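Heads up: the structure comes next, in structure tokens.
Every chain is named by a letter (A, B, C, D, E and F) in the order it is written, and numbering of its residues begins at 1.
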Amino acid sequence: MPGPTFITTDRLELRPPEESDIPFLQKGVNHPEVRRYISAFEGPYDKERYRDELWARETDGDGTTLLAVPKTGAFADEPVGSVSLAPVIQRDGYANFGVWFHPKAWGNGYALEASAHLLEYAFRERRLHRVSATAMTPNEASQRLCERLGFVHEGTAREAQFADGAYVDVERYGLLRDEWEGAEAVVETDP
Amino acid sequence: MPGPTFITTDRLELRPPEESDIPFLQKGVNHPEVRRYISAFEGPYDKERYRDELWARETDGDGTTLLAVPKTGAFADEPVGSVSLAPVIQRDGYANFGVWFHPKAWGNGYALEASAHLLEYAFRERRLHRVSATAMTPNEASQRLCERLGFVHEGTAREAQFADGAYVDVERYGLLRDEWEGAEAVVETDP
Amino acid sequence: MPGPTFITTDRLELRPPEESDIPFLQKGVNHPEVRRYISAFEGPYDKERYRDELWARETDGDGTTLLAVPKTGAFADEPVGSVSLAPVIQRDGYANFGVWFHPKAWGNGYALEASAHLLEYAFRERRLHRVSATAMTPNEASQRLCERLGFVHEGTAREAQFADGAYVDVERYGLLRDEWEGAEAVVETDP
Amino acid sequence: MPGPTFITTDRLELRPPEESDIPFLQKGVNHPEVRRYISAFEGPYDKERYRDELWARETDGDGTTLLAVPKTGAFADEPVGSVSLAPVIQRDGYANFGVWFHPKAWGNGYALEASAHLLEYAFRERRLHRVSATAMTPNEASQRLCERLGFVHEGTAREAQFADGAYVDVERYGLLRDEWEGAEAVVETDP
Amino acid sequence: MPGPTFITTDRLELRPPEESDIPFLQKGVNHPEVRRYISAFEGPYDKERYRDELWARETDGDGTTLLAVPKTGAFADEPVGSVSLAPVIQRDGYANFGVWFHPKAWGNGYALEASAHLLEYAFRERRLHRVSATAMTPNEASQRLCERLGFVHEGTAREAQFADGAYVDVERYGLLRDEWEGAEAVVETDP
Amino acid sequence: MPGPTFITTDRLELRPPEESDIPFLQKGVNHPEVRRYISAFEGPYDKERYRDELWARETDGDGTTLLAVPKTGAFADEPVGSVSLAPVIQRDGYANFGVWFHPKAWGNGYALEASAHLLEYAFRERRLHRVSATAMTPNEASQRLCERLGFVHEGTAREAQFADGAYVDVERYGLLRDEWEGAEAVVETDP
């Protein structure tokens, strides 16, 4: 049974993943276009390994993971992606932001909409001071998303990950509470 | 439910084995023409023993096992063989390559195609420096496969396994990252 | 679902028992004509007790148990008996051979055919040096089977088991690797 | 703390082994002259492995193991050997007899004295009908001991164990309740 | 008993921490001048809490922590600081470098000497491609140390930690294998 | 308390490691000259990690590890090295041989003496058919030892391990039961 909605946006329900979502989550992290730029997904993940490793991480007490489920359209009522804050380091008021969507749902602005509402939650409900994000340099879509959300580029970690046969640079971003414009403002400006 | 595709090749989907694949896997490792040259398959394996022993090995975190599933033809959508990297020794940048296919699907070049793409993954995603392989001397098909993949023959371990009533030699192979020609090049030259 | 075939003989498939075979196995070990001369079958066995006791023994890692399933005829596709090597003591290259068939299938030579192929496997695949067997003295069918298989009678253990209300002698047999004539030779000479 | 005496003989206390006896037991089973003819002692046994494997066997509910501790002399109050009935198969009224003594205490007749009293216990207290014993053919001391105790030689298992670089024959013995002469009679006739 | 030496430098023994080092480690992480700039040290740590939290992290399989113990002088044979690689992400060939020394031993160049040899180990034995480091902006000593070791400054994470009553910036550094000059070169140039 | 002697040679006692030997074992595997050419020793090992990882491996049921303890001289009664068979694959009659000695005891021929007697045990007591060994190419001492023991060089695995900052070749050796000359012959010819 799917879990209860946690946040409702214009077009999406954001809800915590349930055991019954594991097949979708697996399909996502195993997908070549998803895992290519996400070093944590060493894959391949069968169901048991997923439950033991990634699931444990995604459902631990500190962090927050939400699945994005469109209300209408081609993917109505099925999850199409995941947004998360993990880890959350309360002492520093700090969290790391992560996001991935299944390629089938790319191009609809779902990632922006889900991310914006997670950040809204981070700053307004979790009392966080700063959210960090990273994106491999070849992953331009992720970088565009960070910029749309208002993240500030703070530097490049040289050759910090290994992907697609080579060491790649990683772009580092930070977003402070004072810089956050609010979910509505971010989504509305979507061209 | 079958697991999600991890790698797509021209004719195959490579996906991690799931609980529902155990009957196929059992059939494979118990098959006389398969187990003859694979010492690890002491068999016979009933479902429970398979799950406890081989399954545990195949799905552990370090190694990677993928089932090959043809997209079309006589075996469309059913697994016909298995390719694996196990163990993976990260400190040395080393993995051992293993492969077996059900005799019903022999002669289609599926093993070459699946193996080539697993090696591509090994070198391009897992940051490995070398992949090793072994084949019992009487197993000429395995040796041909290694050679087609570009493995270099590095020696013969004399009487290192017991098969079919006698001690047999084992041929040892190695393939370095710099020697790897890429999956496409290997598969294309298939005569 | 029945397990996959492990060994194919002229008329039989030999395959490891599966959970779904427990009803047959229960029926066998509970059958008076079967359990009479097999001290290990203390019976009566309900399903749960069977699973806890005998099943655990038959599916443990060391030993090998195979069910014999005729390919054609009155019992096509249903198990009619069991052959096993248990225990296997690798350090000594030694195993104990056991066999029982449901009375409904007696008289067809199935036991000889299944046993011969299990011994073939023992000597050619498991690197065993010797296989032992025992038969209660009143059990003449078992003794004839041992002799047909080439076992050498090595002595009589006096009053070593209790069956049918009395202490009975037990005949002891041994078969060395060098004495084994091969499965085909044994089965062919079946008069 | 040593365990309580279970049987007292003229010169020995026979008592069940305690945790504190493990160092002695280890020394025994690791000793080359002891382990040479006892296939079960694959050794080497460190303390933990001893506790997990041999100890579990020796202290399980079915069998009976007793340590022999001289009352006086050079080895007063320290264990010098072990006698056991294991396994005990109650349904058949059957047990297997085993014995080993540390070489330092050989030549004193301790093994005969301890064995005789264990058999006395087997037949008089455990309601056993038969006790079996085996000895590797090269182990003449064990065979002499069996004969002194009244065991009847029942056959030779050809090449049934592997010891000292070769397959060796094993002598098989049986002793029935009716044949047992009693501990005192056996010990008194010690020349 | 202290653990064995793992790396020997001119003036230091570097050895893995043992249970008996917990009192020193506790004293270190509880020391105001140490914990001020190390966000992970939430303190106060009593022995049990230390063992449960920090100790578990420092002795986990992936990472490497070594205590620095001067060979001679005022602190001969007692630990004065700790250097570590944690976490180590083998797939990316990446590790994070951390260091702290007890104020009593500051000013002797011990931190540089220990750090240099840990990096030597990272690149020469662990097959790492890159080591990262961070230092809070007010912690100038740590930044000087990173620069002395050859780390390249790659950016500033704004207000990423909370220390001493305020959000502070964090300086981020990276050192690639090709940039590493070797432990000897680094230590020798110590002015 | 040290464990009991398992094998006695002219100058050495070979005995299974005990809990009380862990400090010595740790010192050995952490020693730079020892761990340099033994990839399995990733170190550093604190006591607990040693017990969890290496100790578990060394004392598991399949393999055999023995410590070498000189009877007289500078190291009388203290362990100076370790010889092992691990893993042991009974089905193939195969084991892998490993050896390391503390540098303090190098040059006395202890490694040869201990290794020769372990091989004697392997072939005469464990019914093994072949023992394999490997040595990194730069480790000439290990290669000389293998040759002295009669191992046949069977090939070179190119760049199969990472040590001292570079990928190194690994020499592979095999010794068959028929080729084994016996411990005495090997040790006596020590020039």
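Rule of thumb we're sticking to: a contact is a pair of C-beta atoms (placed from the backbone, for glycine too) under 8 Å apart; a residue touches a chain by one contact, two chains touch by 3 or more.
Not measured: the values here are computed from a predicted model.
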item: Intersection of the contact lists for subunit B and subunit E; value: A, F
item: Farthest chain relative to subunit A (centres taken as mean CA coordinates); value: D
item: Subunit E against subunit A, contact positions shared by both copies (same if over half, else different); value: same
item: Chain pair with the higher count of C-beta pairs in contact (C-F, A-B); value: A-B
item: Superposition of subunit B upon subunit F: rotation angle, C-alpha, nearest 5 degrees; value: 180
item: Euclidean distance of C-alpha centroids - subunit A vs subunit F, Å; value: 50
item: Rounded Å distance between subunit C and subunit D, as computed from the means of their C-alpha atoms; value: 32
item: Separation of mean Cα positions, subunit F and subunit E [Å, integer]; value: 34
item: Geometric centre distance via CA averages, subunit E-subunit D, whole Å; value: 59
item: Two or more partner chains touched - positions in subunit D; value: 42, 162
item: Which pairs of chains touch, using the document's own definition; value: A-B, A-E, B-C, B-E, B-F, C-D, C-F, D-F, E-F
item: Sites on subunit A touched by subunit B in the complex; value: 23, 26-27, 30-32, 42-49, 53, 162-165
item: Touching residues on subunit C, where the partner in the complex is subunit F; value: 90-93, 126-127
item: Contacting residues of subunit A [partner subunit E, same complex]; value: 39, 42, 89, 91-94, 129-130, 132, 152, 154-162, 167, 172, 174, 176
item: Of subunit F, residues touching subunit D in the complex; value: 1, 3-8, 15-19, 59, 61, 64, 66, 123-127
